[in-house]
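Two complexes, one shared chain (chain A), two partners (chain B, chain C).
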Partner chain A sequence: MNRSKIFRIITYVLGPLAVISIVRLWTDQDALTSSNTVGTALRLTVPILLAGMAGLWAERCGVLNIGIEGMMILGTWFGAWGAWQFGPWVGLLFAVLGGMLGGFIHAIATVRFNIDQIISGVVINLLAFFGVRYLSDLVFVGQPGGGVSQSPPQTSAIPRFDLPILSGGQIGGWKSPDVLAWFETRKWFILGDIGGIGRGLTSNLSWATVIAVAIVPISAWVLWRTRIGLRLRASGESPVAAESLGVMVNRLRYGGLLVSGGLAGLAGGTLSIVASSYYRQGQTAGRGFIGLATMIFGNWRPSGVLGGAMLFGYAEGIKLVASDSIAALFLFIAAVSLIFFVVAIIRRLRVRSLFALGIFILSTIAYQTVSTVPESLTQSLPYVVTLIVLATANQRLRPPAMAGVPFRPGEPH
Partner chain B sequence: MIESRTTQRNFDGVRKSFVTLGSSLGAIVLALVICAVLLLLTGKDPLVAYRQILETGLSGDKLLEMLKRATPLMFSATAVAIGFKMNLFNIGVEGQYLFAALIAAEMGTHVSLPAPLHVLFILLVAMIAGAAWASIAALLKIGRGVNEVISTIMLNFIALSFIQWLFDNFFRDDSDGGLNVKTTKIAPSGRMPDLVHNRLSGMFIVALIVVALYWVVVFRSRFGFQLRASGLNPIAARTAGIPANRMVLLALMLSGAVAGLVAMPSVIGDVYGYGPSATPTQFGFAGIAVALLGRNHPVGIVSAALLFGFLDSTSAELQLSGVPSSIVKVIQAIIVLVVVIVNEASSRWLNRRTAERAAIALKGLASVA
Partner chain C sequence: MQLGDTKPNQDLLTSDAVVVELTNISKVFPGVVANRDVSLKVGRATIHALVGENGAGKSTLMKILYGLHQPDSGTIAINGVARQFKSPSEAIDAGIGMVHQHFMLADNLTVLENIILGLEPTKFGVLSLSDARARVRELATSIGVALDLDVPISELGVGQRQRVEILKVLFRGAEILILDEPTAVLVPQEVDELFVNLRRLVSKGTTILFISHKLDEVLTISDRITVIRQGSTVATVSPNTVDRLKLAEMMVGSDLPKPGERTTKIGATTRLAVRGLSVLEKGRKNPVRNVSFQIAEGEIVGIAGVEGNGQFELCGALLGLLSSEGTVEVGGKDVSNLSIRERLNAGLAYIPFDRHREGLMLTAPLWENALLGHEATLSRGPMIDFTAAKKACREIISRFGVLTQNELVPAFVLSGGNQQKLVVGRNLATARTVLIAAHPTRGIDVGAQAAIWEEIRRSRDSGMSVLLVSADLEEVLGLSDKILVMFDGEITAELDPKSASPQILGKYMTGAR
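What follows is the complex of A and B.
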């Protein structure tokens, strides 16, 4: 690791941490980085993250997937059904299979029959929503606790654990010390925040969460470091060229869409099995579209999707756990944009400095005036952010070149 | 010579519309077969379900309900079709019409006008509000190149929370001590008279007028020609001097204006106001389905809306007879999917046949020469 890389890590990790720590101490809002907030944020991040990865897999192989929401709905239903019948792990498996069913329909419609990919996605959303309602009516109605829009509750859950030493998990029979909690309760500058964030990420972890987070590096590795990943991305960038080199574009697109559907299904499964213990109509609440949004401003890269999902997960988490702290969050945004403003002035980047100044002024006003942001408006935050990102950074986004364009193998172009 | 060529062209046109009609009907039958299989797989008798649908749907009462249920679908499908005609996918009809419903319902309580003008005023406000919300997506597309599919999806969600905020904080009628979750009732002068008392609102006629206007404007006017030309070949259209940006703005605003009318059968024909649970939702997505099924053609839209209305009208009786009513919506979705697939396949088949014929004709010419 060379010096500039170390320097970068320090500025991008410790910098924001220091700023948020100052804000926390200044405003006395410990909830900003408490383990409770971060743990909740992590739980809310997972479904969005998986939905975003589902979008990434589909678009990287060249097919737009507006149907993620519908595939997630299939995942919530089949997952809850499987978990109710056979236990939580089988439930997750059924969630994946349910999502894959949606992905398969999407593949048949768009890859085999070449219909408009957006149309297919929209129809899959409708089909999934009413399809599971039909199934609920057949299966859940009449069961104790079940109904047309709700499944009976599951009796067992995916096991949870604390990481040893860091968060006081068990090793054998020995209960290890809870180091991060010790730091968190001291509330020292930076160290207290590391304790809170670390403990939120390492305590009371569900195995399903671990699997979900592991999917990010696995996807990145498969898509960017293996032969099949290269071919899959080639199918999204230039299917004609890929085909001329002997790549079976359509077969890869089938595969990509099955993975996409499976991930979306898993996203749904985490909602109905991990985050709660039953299926409920409307459980996905637009998270499939938020996932799509994270994919866009994650610039179609796994690390970007992770970043975007964390941002939305955190925003949602802090709203849930400590809505009073939202004002402090605006102070944090103001401080960061002020730093950006100074840096941009030094580097003589006029447009960027004006942009940062604008955000600084807006967030300062927000901090001064808004004690509690109306719930109904904060709900739309992910969507507003996406529109702003699209409107301001559109030039820098680079989607797969041929995503959305139907491809017919063996025909002249 | 010239005459024979025109008859040939007419003949081709007739054949093409026969292929279209035939493939659509065939696709509907195919979709019903697929649904029958699904019903069988889930342990229900498809024949019982289909007979139930036909028997209840064809009674006099239900035919009126079919027209009632088709009304909002005709508006939303027309709104979607205007976009489609310019290759713009307006997924945002949902947000546009709900926003328009709230604004129109609220504005409608603040004016006092004689009856026809009051109704007209509310309709106009709804259209302006719908167009305004749609124009956000248009401006993002023109100014910043943001794809309208993504922006209208996001704007749907933004609209939902914006509407809720407006409603909760400003527009809610508090006179009942918070029990009433609607806006203030619109005065009788602002209500659309019923065609059939309590069964069918006059909005049905408005819907037919809007579809007819859609045909005139999009298929028979200079503006409509420019719109369709921009959709078919944007580069050629721009070369021909059609202002691309202005067309995007106008098309999306027109689409949004028609979308603004979707909830009007409820707002001025039934509830006489807006309420989060009283105003019907999901018509935006159903409209996409109807527009696809009707292939963006006025006659197609009306027929598809009537088919959907027919199916919807039977759902309550279907549930009573032991088949979950949601199967109606599943049938609709499968019909749309199959119709789109069959249309794609049949148009490819037509194109290939035309190409083959042209090749044969060329060969014949070459041998003569």
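What follows is the complex of A and C.
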């Protein structure tokens, strides 16, 4: 590692951390980086992350998947049913299978019959919504706690654990010290924040969360380091070229969509099994579409999707845990945009400096007035924050070139 | 001379080992005889050119050899063994590789990924990237190609992309390489580089089948030339026994129309005046710097230059696609601050550089393509006048000899030459006064080329002023009344086409003078 790389890491990691630390100390809003906030954020990140990964797998193999929301709905229902009948782990498996069913329908429609990919996705969303309502009527109605829009509650949950040493988890029978908590309670500049964030990420972890996060590097490894991954990406970038080299494009698209559906189903499963203990109608609440947004934000890359999902999760988490801290969050955005503004001025980037200035002014106004704004408006906070970050992020998006374009093998092109 | 005198000279090959032998190949598509009793022998480690007009059947013949089509009759023998290829993969197994005219590359994947795709070296399904990299690099150096293997294709130029295609084929172990019009997309230096690579390949024992209609190049690079016309072989000749003109006549089947000396006079009024035009670009040397010239009524001014020396930006600035400094006057009216639409209305017409990217909507029917830019005249209120638009398209089709069933077929069905005729026709059909023609005949056959040149001359004779941007020296010398050489964003010379030779032009174009 050379010096400029170290320097970059320091500016990109410690810089924002320092800013948020200052804001926290100034406003006395410890919730900004408390382990409670970060832990909630992580739990809210998981379904969005999985939905984003579902979109990534579909688009990388060349098929748009608007139906992720519907596949998630299938995941929530089948997951809840499986968990209610056989326990949480089997429930997650059923969630994956339910999502895969949606992915398979999408594959049949778009790959086999060349139905427009958007239309097929929309149909899957509608079909899933009304389909599970029908299934609920058949299965859940009449059960204790169950109904047409709700499943009976599950009796057991996926186990949770604390990481040893960092967050006081057990090793054998020995209770290790909770180092991060010690720092968090001291509330020192930066160190207190590291403690809070670190503890949020390492304590009271659900195994389902670990699996979800592990899917990110696994996906990256499969897509970029294996033969099947290269061929799958080639099917999304240039199916004609891939076909001319003997790659079975449509077979890979089936595979990609099954993985996509499975991940969307798992996303739904985490909602109905991990985040709560029953299925409820409307539980997905548009997270499938937010997942698609994080996929674009993440530039169709697993690490980017993770970043985007964490951003959504954090904004939503702070809204849930500590709505008082929303004002402080706006102060943080104001501070960051002010830094962007100064940097843009120094680099003479006129458009970007104006943009940063605009955001600075807006977030300052928001900081001053947010406590008087009705709660229904602050509900949109996660979207506002993400939109701001999306708009200011300097990136060249590079979607798979042929995603969304139907491919008929063996025809002249 | 009579064409019948040129007998197929098959005994040229007696001393060579025959690698590919096609005997009496016929292929009929619904309504069209693509190949009729074609026979061809290709010697080992030679470059064998196939020349012929677009639609003459040379591509079909090569697609039959590559297994993309199956012949209705006739036999294929590779190294003396009779073969039948049902698919390209069978041809690949027999050591045959084809580089298509339109590259089959995934833009966002890296060079290495594109080359190894479908034949990836792996360990338990995991890519062995270092192994692959070493093998590809060895292959590349052996034919003298330098490429960064880890950049995405989108960052490469056309010449480098072609090199990737060739490496892709060689990586599959091809010993017989089919190149479909490899030079159509290349600029002169890239052609030279390609030829060096091809020669190296041949010296290592590869046999190359080279489809082209650029006769000078064919004469330079080939060991044998087979001429195909209307699906049949006319002759197989050695390059030192024929010249360009004779080859062209064999291709077309009749004497080519000779451009007569111009009989009309250049008018006195200035139609296009450009003063001190510069295109500014941040972070780079300005691509066009302080360019001034004038074009009179009925005059053709040629801009000669190696591609990438500011011609593209110059045309963009004239049309208002790019912002620029300096003044542009069309018909005495300053259009410098006008929009693109207003400039077109002031009399500009444009034949774009790349007909696929800027000229056509490939999947739209011809009549919609012909309508582009003329929506104002071919509509009633906000509604398109379908009858008038289709009629206008039919007029272009008949006047410019576009070979097509009707005006309703999508543009991608047409051959390159016919697509270009449509684009040219669209811009010459209206009464515009200044035509900017960028590479008007690039990548099309001699027949279509002659037709387009004739149309440009006819428009000139009727008073149109033409700015002709081209890298084809023959075109620039043959059409222009005045030649400006553009080098590195500036006009470096003004030449009289009567006294300039390709050699002199070439020196100016490369900055040697």
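The definition used in the following text is that the second predicted complex is superposed on the first by the 391 of 413 C-alpha atoms of A that agree within 3 Å, B and C clash if a C-alpha of one lies under 4 Å from a C-alpha of the other, contacts with A are read in each partner's own complex, and residues count from 1 in each chain.
Following the convention adopted for this analysis, contacts are C-beta pairs under 8 Å (C-beta built on N, C-alpha and C of every residue); 3 or more make two chains touch, one makes a residue touch a chain.
None of the values given here were measured: they were computed from a predicted structure.
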| item | value |
| --- | --- |
| Touched partner set for A:242, first chain B, second chain C, both or neither | second |
| Touching partner for A:297 - first (chain B), second (chain C), both, neither | neither |
| Touching partner for A:383 - first (chain B), second (chain C), both, neither | first |
| Chain B versus chain C as contact partner of A:230, first or second or both or neither | second |
| Per-residue touch tally on chain A - higher for chain B or for chain C | B |
| Chain B versus chain C as contact partner of A:78, first or second or both or neither | neither |
| First, second, both or neither for A:114, with chain B first and chain C second | first |
| Touched partner set for A:127, first chain B, second chain C, both or neither | first |
| First, second, both or neither for A:400, with chain B first and chain C second | second |
| Residue ranges of chain A in contact with chain B within the complex | 66, 105, 109, 113-116, 118-120, 122-123, 125-127, 129-131, 133-135, 137-138, 148, 286, 289, 292-293, 296, 374, 376-377, 379-380, 383-384, 386-387, 390-392, 394 |
| Residue numbers on chain C that touch chain A, as the complex places them | 88-89, 104-109, 113-114, 116-120, 122, 125-127, 129, 168 |
| Footprint of chain C on chain A - complex, ascending | 225-228, 230-231, 233-234, 237-238, 240-242, 244-247, 398, 400-401 |
| Chain A-facing residues of chain B, complex | 42-43, 89, 91, 140, 143-147, 149-151, 153-155, 157-158, 160-162, 164-165, 168-169, 285-286, 288-289, 292, 324, 326-327, 329-330, 332-334, 336-337, 340-341, 344-345, 348 |
